[in-house]
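Think of it as A, B, C and D in the order they're written, each chain with its own count starting at 1.
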Amino acid sequence: MDFDELAKVGSMMGSGGMIVMDEDDCMVDVARYFLTFLTEESCGKCIPCREGIRQMLTILNRICEGEGKEGDIVMLEELSEVVQDASLCALGTTAPNPVLSTIRYFKDEYEAHIRESRCPAGVCKALVSYYINPEQCQACQICLRECPVGAIMGGKNIVHVIDQDKCTKCGTCLDVCPIRFAAVEKLSGRPVPAAPPQGTKVRRVKKAQQ
Amino acid sequence: MTKNLSNVNQIIAKYQGDQSALIQMLLEIQRENRWLPKPVLARLSQKLGIPISQIYHIATFYKAFSLIPQGRHTVSVCLGTACHVRGAPRLLDRVTDTLKLNPGETSVDYKFTLKTVNCLGCCALGPVMVVDGEYYGKPSAKEIEKVIANCD
Amino acid sequence: MRLKSPADLQEKRQQIISLRDSSRHCVTICSGTACHAYASEKTALAFVEEIKSSGLKDNVDIRRTGCHGFCERGPIVVIFPEEICYLGVKPEDVSEIVSTTLMGKGLVDRLLYKDSNGEKVVHEGDIPFYKNQTRIVFGNNRLIDPKNIDDYIALGGYDALTKALFEMSPDDVMEMVKRANLRGRGGGGFPAGMKWETTRNAPGKTKYVIVNADEGDPGAYMDRSLLEGNPHSVLEGLIIGAYAIGSHKGYVYVRQEYPLAIENLSIALNQAGEYGLLGKNILGSRFNFDVTVHRGAGAFVSGESSALMNAIEGKVGEPRPKYTRTAVSGIGDKPSNLNNVETWANVPLIISRGADWFASIGTEGSKGTKIFSPDRWTVGRVHT
Amino acid sequence: MKKLQKVTLTINDREVTAKEGMTILEAARDAGIYIPTLCYHEKLAPYGACRICTVELSRNGRSRLVTSCVYTVENGLIVKTESPKVIKVRKLLLELMLASSPAKAIQDLARQYGIEKRRFEADKTNCILCGLCVRYCSEIKQANAIGFVGRGTERRVVFHPEIASTVCASCRECFSLCPTGKLPSETDGVCFDDLTLDDFLKTQQSPA
């Protein structure tokens, strides 16, 4: 890892900030994060940077909202080339790096967002839904209490259900659901299974089985 | 209002009316008054011989400056890369709900201003919220409410 | 207490060292921004109280230092001379440390670093995080109270400046930095020596040297930890560079989001001035050099060199369209040499230990070391 | 004053001589070679904001895109003013401008470069922020009645009422420079209809 090796893989040493990410980080969202930062920090003087990065961010926002279209990736690359070639200063000329390198190494994630409205890392809120697996739910009511918008219905011994319209996808239920039950699941790219009928009794999972 | 104008003269004197210290003077005025009142900018323009258009461009270019009074309490959420992947967007949503403010806005009673910043340098604590210089790492919804509540 | 010659500096160093008994206990508390965020100041105050109340006040020193580097496990406390490293020290742990380690000779096991197979590690240097790092720039942070110039001088500080001013010509200094192949740590890796040479050869007598401490990119805080923790290493490098380039005026451009760095830097500038290491006739060498601190006001783009120079001129921090380099036409269109904080901090090391030593570290094309601010050790895809 | 040396360079395979210190744009225009410009004005300092005057330089095998309004001539420079890369840049820049300012001058240039699709949307400010008005008022008139505010995509041009009200009525020389015609079509001469300084300040940090 030195100046020249990093340049070869399409990155740069920069000041030396290094973030180690894993499969729980969405590369499209990371590219969007950098472009949001650059849109705010562009001085706005020259057109390729001010207008080019703004349009790239619009496309990335669409992709993360589940409205990506065929040709978005090609458009991102076309914009990137002009922003890199024509911008007045290094902010503009290096701005497309995060987009180009995430497309280069993680194109499958872009395509999953665009073609299947699926976010493999489960980060993009618009493409994720939270679902309580009726088989696992033991009606401990923790998620019901913690949900900030009261989107979870259920009661003592009653299988809990998330009202998909109310749910703001904040992820609290997933955080608080006890590990031994692990009833809350994060789904992406596939429809939420139909909720069990109102008042379905909990299926007691024997202590031994857990 | 006259208080603002008097300490402007002191600040100008401190920098011997040097035009290139304009940004340093604005920073001091912002720190003392928590905003840049119009008459103060007009006074600076007149005393330093700098066009008012240049002063307004600077005052609206830099994030540190505000042309309306800032809240007594400043709440900042770090959106640096590390905090982002550690869940800063979710923290920001919670803080926005608690304060009923969007980033950059000040509450009508001028009690709170919500800001976003990039990389405060304590990523291991991330996601980080700072209230009046006090750091809070990975605050839960309850903790956020508690901290906001006991800001007088 | 003005030092008027190199001999005065050596004498001052002897005087400082003689007052220090290296066998005495010294409780070092990291007070960098991350540890500060963990309320390290409360831990430090707890130590002051506990040491006073247990009657150890006269034979235990306390030193608040800059960042040690292992921010993940702050607040970090290292007890010298044994170099015992305690991690995550809360105020409530302090009485146990004082009684067990300072008064007794024992260790507080629960605060020691445990490696993957449960082995306890006592000395800070043996912790895996530090062990295979070459910390030539950052390593001294833990030995220095950034608000006390004497700590820096005790470690040999300003010897490199003395060597440059009295034993080397500006050309010698320039050649040594070029031979070391020091590349800019600000981002692009442009050879610093070449930029210095362009600045010196550019027409015009007035030339400026600038420290770029704007560090606006998200996820980066190494310049902050360096400037907060060891401002004199940056300052010494700047003065040496100014001497080589022929500049008598320097600027340090620091973002206003780094209040601790600004505070420690300003203290360092005053102390260096009082000691005659800055200002008129430095150490009697007839070389004059002054520094002004310029606070940024919240704009990442103002870290770009031409934008930064516009800001120093009091204008909007927007980049200039010109293709002439700022080394030729910078502040007030005068030749201005801008380098990053870490670049300047490497200069004293090169001067005192030589270009060959520096070139022996690093890879074929990138010499010396690079400070990283990594985060989250979950192994997985590395996003470059 | 040192006599200015002659500089010889090649533009579109034609040898061109120019005086030291001239820009590629000036040298090209003297030689009757067309390069489009939007934010350039011969009486104003080069600004480099619109980038439409971008040309391709090649020197010992390496090629690079620069703005001809800023880059000064050098001996042996090889310049292409309509290379494929240059055309690609200009087309996309014009498409980006059309999103916020579908004014006649921009549309004419777009047609000249064969642009039909409108792929981008942006709020219709009808201003490409070329800064001609701001710079003319500052560099030539020294009145500074009009100026930039804001940063990034929020950057705008506004009149400063306390000055504009006294000087603009008898001047208005900047009106003829505006490439999109926002001046004079969207102002009574003292402030813009869609945005005054106070309007802008309100958008910045409005209390909740």
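Quick note on the criterion: contacts are C-beta pairs under 8 Å (C-beta built on N, C-alpha and C of every residue); 3 or more make two chains touch, one makes a residue touch a chain.
Quantities reported herein were computed from a predicted structural model and do not represent experimental measurements.
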Once the contact rule is applied, which chains count as partners of both chain A and chain C? B, D
Is the C-beta contact count larger for C-D or for B-C? B-C
Computing the C-alpha centre of each chain, which chain sits at the greatest distance from chain B? D
Just the number, please: Cα centre separation of chain C and chain D in whole Å. 43
Between the Cα centroids of chain B and chain C the separation in whole angstrom comes to 28
Gap in Å, rounded to a whole number, between the CA centres of chain D and chain B: 34
So how far apart, in whole Å, are chain A and chain D when each is placed at the average of its C-alpha atoms? 39
Multi-chain touching residues of chain C, meaning two or more other chains, are 216-221, 299-300, 316-318, 321, 373, 375-376
Listing for chain D: what residues touch at least two other chains? 48-49, 67, 148, 150-151
Would you please write down the residue numbers of chain B that are in contact with two or more other chains? 54, 57, 61, 79, 81-82, 84-85, 118-119
Quick one: which bits of chain D touch chain C in the complex? Just the residue numbers, please. 46-49, 66-67, 70-72, 148, 151
Touching chain A in the complex, chain C uses residues 183, 185-189, 215-223, 299-301, 304, 306-307, 316-319, 321, 340, 342, 362-366, 370-384
Chain B partner, complex, touching residues on chain A are 17, 19, 21, 25, 30, 33-34, 37, 43, 148, 170-172
So, in the complex, the side of chain B touching chain D is made of residues 42, 51-54, 56-57, 60-61, 66-68, 100-102, 104-108, 110
With touch defined as at the start, can you tell me which chain A residues reach chain C in the complex? 2-6, 9-23, 25, 27, 30, 37, 41-43, 45, 88-91, 101-102, 106
